[in-house]
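You will see two complexes here that share chain A, one where it goes with chain B and one where it goes with chain C.
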Partner chain A sequence: MLQLMIFGGIGLLAMVSEVLGFSRIMSLLFRVGTLVCIASLFINYGLDITWFGNMMVEDRFSQAFILTTCLMLATWTFGFGRKIGEDEFRNDYIALFSFSMVGGVMMLSYTNLVMLFLGLEILSIPLYVLVGSSKRNLKSNESAFKYFLMGAFASGIMLFGIAFLYGATGTFDLHQMSLQAQTGGTFPIFFHVGMVLLIFAFAFKMAVVPFHFWAPDVYEGAPNAMTVYMAALVKTFAIASAFRFFFLVFGGEAGIYSTLLIGMSAVSMLLGNIIGAVQDNPKRLLAYSGVGHAGFMLMAVIVNGQVGANALLYYSVVYSLSLFLAFFVLDKVLIHDDFYWSIGDFKGLAKRNPWLAMSMSVALLSMAGIPPLGGFYAKLFMLKAAFTNGHYVLIWAGLIGSLVAMYYYLKFIINMYSRNPDSDVDLNLTLNYWDKLVMGFIGITLLILGLFPDLVSALIRF
Partner chain B sequence: MVTEMMFYFLSFVAILSAIMMISTKNPVHSILYLIVTFFAIAGHYFLLNAQFLGMVHIIVYAGAIMVLFLYVIMMLNLNEDAEPVKSKYQKISATVSGGIFMLVLVASLRSAEVSLEKTRNTDIGLVNQLGKVLFNDYLLPFELSSILLLSAMIGAVFLSKK
Partner chain C sequence: MEILPNISIYHYVIVSILLFGIGVVGVMLRRNALIIFMCIELMLNAVNLLMVGFSNMWGDGKAQVFVFFIMAVAAAEVVIGLAILMMVYRNQETTDINILNKMKW
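Let's turn to the complex of A and B:
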């Protein structure tokens, strides 16, 4: 609740700051607000607080996820905030980001389907604008329009699903729904229709096969800072809210819907990585690998329970950090603005600037799951959870998907280290101390998370 | 008695203007007849004691959506001459398929059982009742929907700035 008020308040202040003349300190206020959120969560951690008669409940799950997403947001501002801070519309950006965080916090702590739907909308509408925020750029406009059209359909499908669920159970409240699920046992057919529609709407936001078609186009067209926000944080919000729904309604299992979810998860791990292997554009490559990672994270929803929650939390943190690092390097290397980016742009990056090549390798190896880095434990926790619950299909799909992913991540790294740069590029990519600090910080955090996974992976205890 | 007469009057107006809407040649007239239909249906809502639904129906449908329609028609510059000429076969097949659809509708409505609970709270559609629910149980979503509207507004302003 406090986080909702802080982010909402910052958004409102950013709107009026231009008129009242404190627009210079707005980005400082945004950072301070994020830090206050983190601090308040540290203080209140472990308390169960119910707001407004079961509209939203702050339990361990929501607190842990809000805490990590706020930390991720702080890291994001640390890395990408400077570029936005120099923009002439920086206060609009701040307002839009704060409002979308409000939506995210709602999606992480809802116990009522009305709050879920409102949260999804509040999260999405600023995102449509942010994706199209480089206004002179045709690709950015195209991707914003695509995302808007598809997202509007996804919202409609979610609303339709919620209406079916309401028709079947007569309530929006998840606790009452779970009481009916535990006592009655049989639901009318509408309930299943509603559930399937709801799962599809979640799958759209997570970019899981077969609802992934928007992801590569939108990731390619959007400005880098927005792409990484969307790929890391929004994916976390969507999967965590799906997890929360299953956890609260079916009491820690995916029930009869696990077949559908297993199919979607396995296919996206395989298909996302196989299509990713033939991509030449680095942003599209990361988008398809993101589809594969979304499939991995969906495993947590299927396994559910405390093990699933912790695995999801750890995976989302590590994936977000790796993505931040990868996109930070991408932002520095792909400086020509014509959208004909390819892996060839990274040829011989180690000779042009060893810092960038090193950071990119760390990010890619972490995503691939190489031991000292965080990605290894992320995948291990997921696979272990799936193994103890006997979902062997998921394990095979996850292993094969990871192997294919390893191929194109290593191809990328070989490109950077053992080729010579093209003759027409600037041989010295210069970085300032701030850039090195950001990259070093994220890289070392990934290493620390890999060495001490318990820092994050034991946060949630129901 | 008065209610019954009102019901028949409103139904007559609604059906007549709906028929006029699809039979008139000029698209602007067609839109105006559609507005009349919407007002007549809103009148039905008021007769059923659903004030809020009636008001929203007028505001959203007769207000916002109709303005949008009129705007599109103005932009496209449609008029009587622009109507495409349809062949006789098209007209016949359209009539037949429309008739079949109506037959299916009537048949399914006849076999459907309509059971109404007699002891229903008839005041449930009043603004008073709705306000109580909205400001007691659903206060938080109500307040937060202001953020949704604000973010849409900021987005529109942001995208239209030079």
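Let's turn to the complex of A and C:
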């Protein structure tokens, strides 16, 4: 709740900063605000506090996720913040990011479906603007339009589901709904329809097959800094809020709805990675691999409970960090303003700049799940959780998906290390110390998380 | 239900499912961006109708308050949507979404 007020306050300040004449220090204020948020979480860490007449509850789950997402936001600002601070709309960007974080915090701590809906909209509406923020770029226009249409459509579906759930149970409160969850309330048919619609709406937001089709287009068109924010943080918010819903309503496995979730998770792990393997555009490739990762994270929602929460928290941190590193390199390499980017742009990157090639390899190997890096334990925790609950379909789908993913991650690495650069590119990509600091920091964090995976999971023991 | 005793909850449900279905089909099939916005609004209004119907059935006001939230959010969403549409129109001089095909596969 404190975090909500801090982010809301920063957003409002950023909107009036131009008029009141402190626009120069606004980006500093945003950074300090994020750090204050992280510090403020420790005031009440581990206590349950209710807000807004029991509509939002700050518990261990939401505190752990708010803490990690704020840390990820700080890392994002550290890596990409200079990128968005370049033009005259800097303060508008800061306001939009703050407001979308407000929505994210609401989505992580709701106990009432009204708050879920409001949080989702507060998260999404600034993002529609951010995706289209390079106004002259036709691709950016197109992706903003598609994202808006799909987002509005998904929130319509979610609202329809919420209305049916209300009709079945007569309440929006998840604790009261959980008392009727096993029988389906007074009208079980409405409850079924509502649950299915709500699951579809969550699937839209997480970009899980069969509702993933917007993701590659939107990720490709959006400016890199926005894409990585969307792919890392927004996906975490969506999956964590789905987790929270099933955790509060069913308190564990979601009964018959598990089958639907298992199907979507398995298909997106397979299909996302297989379609990813035939992509040539790096941003689209990472988007499809993101579909596969969303399928992996959905496993935690299916298994649920303490084990699932642990696995999801660790996976989201590691995945976000890997994506930050990959997109940081992508942002340096795909500098030509061509309409078409390909993996070929990475040819001989090790000769052009070994730092970039090394960082990209670390990011991709972490996503693929190679042992010393964080991605290995992330996948292991997920598979272990699925194994304990006996979902063998998920384990097979996850393993096959990871194998296919390994193919296209290695394709990058082969291009970078054993090919020669094209003759028409600049042979010396120069980096300043700041860039090296960012890449080194994220890479070493990934390694530390891989060596000491308990660092993250200690946050969430409830 | 006292005012209209012969109308059960299922009537409300069927009407709102029909409205919602028209909205969904419109989003899927129509090619003009403005019509698509109208169809999304239709979907949200179907939800409003359903909320009010259920609220009447349960005899409490929670869902009616929710309807005001939905209206406010729908207005905000349309503002953003029209701004994005203006941006597209300035660059492309049309609101037909078939030209939005720069990215495929």
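Note that in this section the second predicted complex is superposed on the first by the 456 of 462 C-alpha atoms of A that agree within 3 Å, B and C clash if a C-alpha of one lies under 4 Å from a C-alpha of the other, contacts with A are read in each partner's own complex, and residues count from 1 in each chain.
Definition applied: contacts are C-beta pairs under 8 Å (C-beta built on N, C-alpha and C of every residue); 3 or more make two chains touch, one makes a residue touch a chain.
Please read these numbers as outputs of a predicted model, since none were measured by experiment.
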Partner chain in contact with A:V129 - chain B first, chain C second, else both or neither: both
First (chain B), second (chain C), both or neither touched by A:L118: both
Touching partner for A:L380 - first (chain B), second (chain C), both, neither: neither
Touched partner set for A:S100, first chain B, second chain C, both or neither: first
Chain B versus chain C as contact partner of A:L29, first or second or both or neither: neither
Chain A: partner with more touched residues, chain B or chain C: C
Partner chain(s) touched by A:V425 [first = chain B, second = chain C, both, neither]: neither
Chain B and chain C contact sites that coincide on chain A, given as residue numbers: 114, 118, 121, 125, 128-129, 132, 135
Parts of chain A lying in touch with chain B, wherever the complex brings them together: 4, 8, 11-12, 15, 51-53, 55-56, 89, 92, 95-96, 99-100, 102, 106, 112, 114-115, 118, 121-122, 125-126, 128-129, 132-133, 135
In the complex with chain A, residue positions of chain B that touch it: 137-141, 144-145, 147-148, 150-152, 154-155, 157-159, 161
Residues of chain A touching chain C in the complex: 114, 117-118, 121, 125, 128-129, 132, 135-136, 138-139, 141-146, 148-149, 152-153, 155-156, 159-160, 162-164, 166-167, 170-172, 190, 216-217, 220-221, 279, 284, 339
Contact footprint of chain A on chain C as seen in their complex: 9, 13, 16, 20, 23-24, 27, 33, 36, 40, 43-44, 46-47, 50-51, 53-54, 57-58, 60, 62-63, 65-66, 69-70, 73, 76-77, 80-81, 83-85, 87-88, 91-92, 97, 100-103, 105
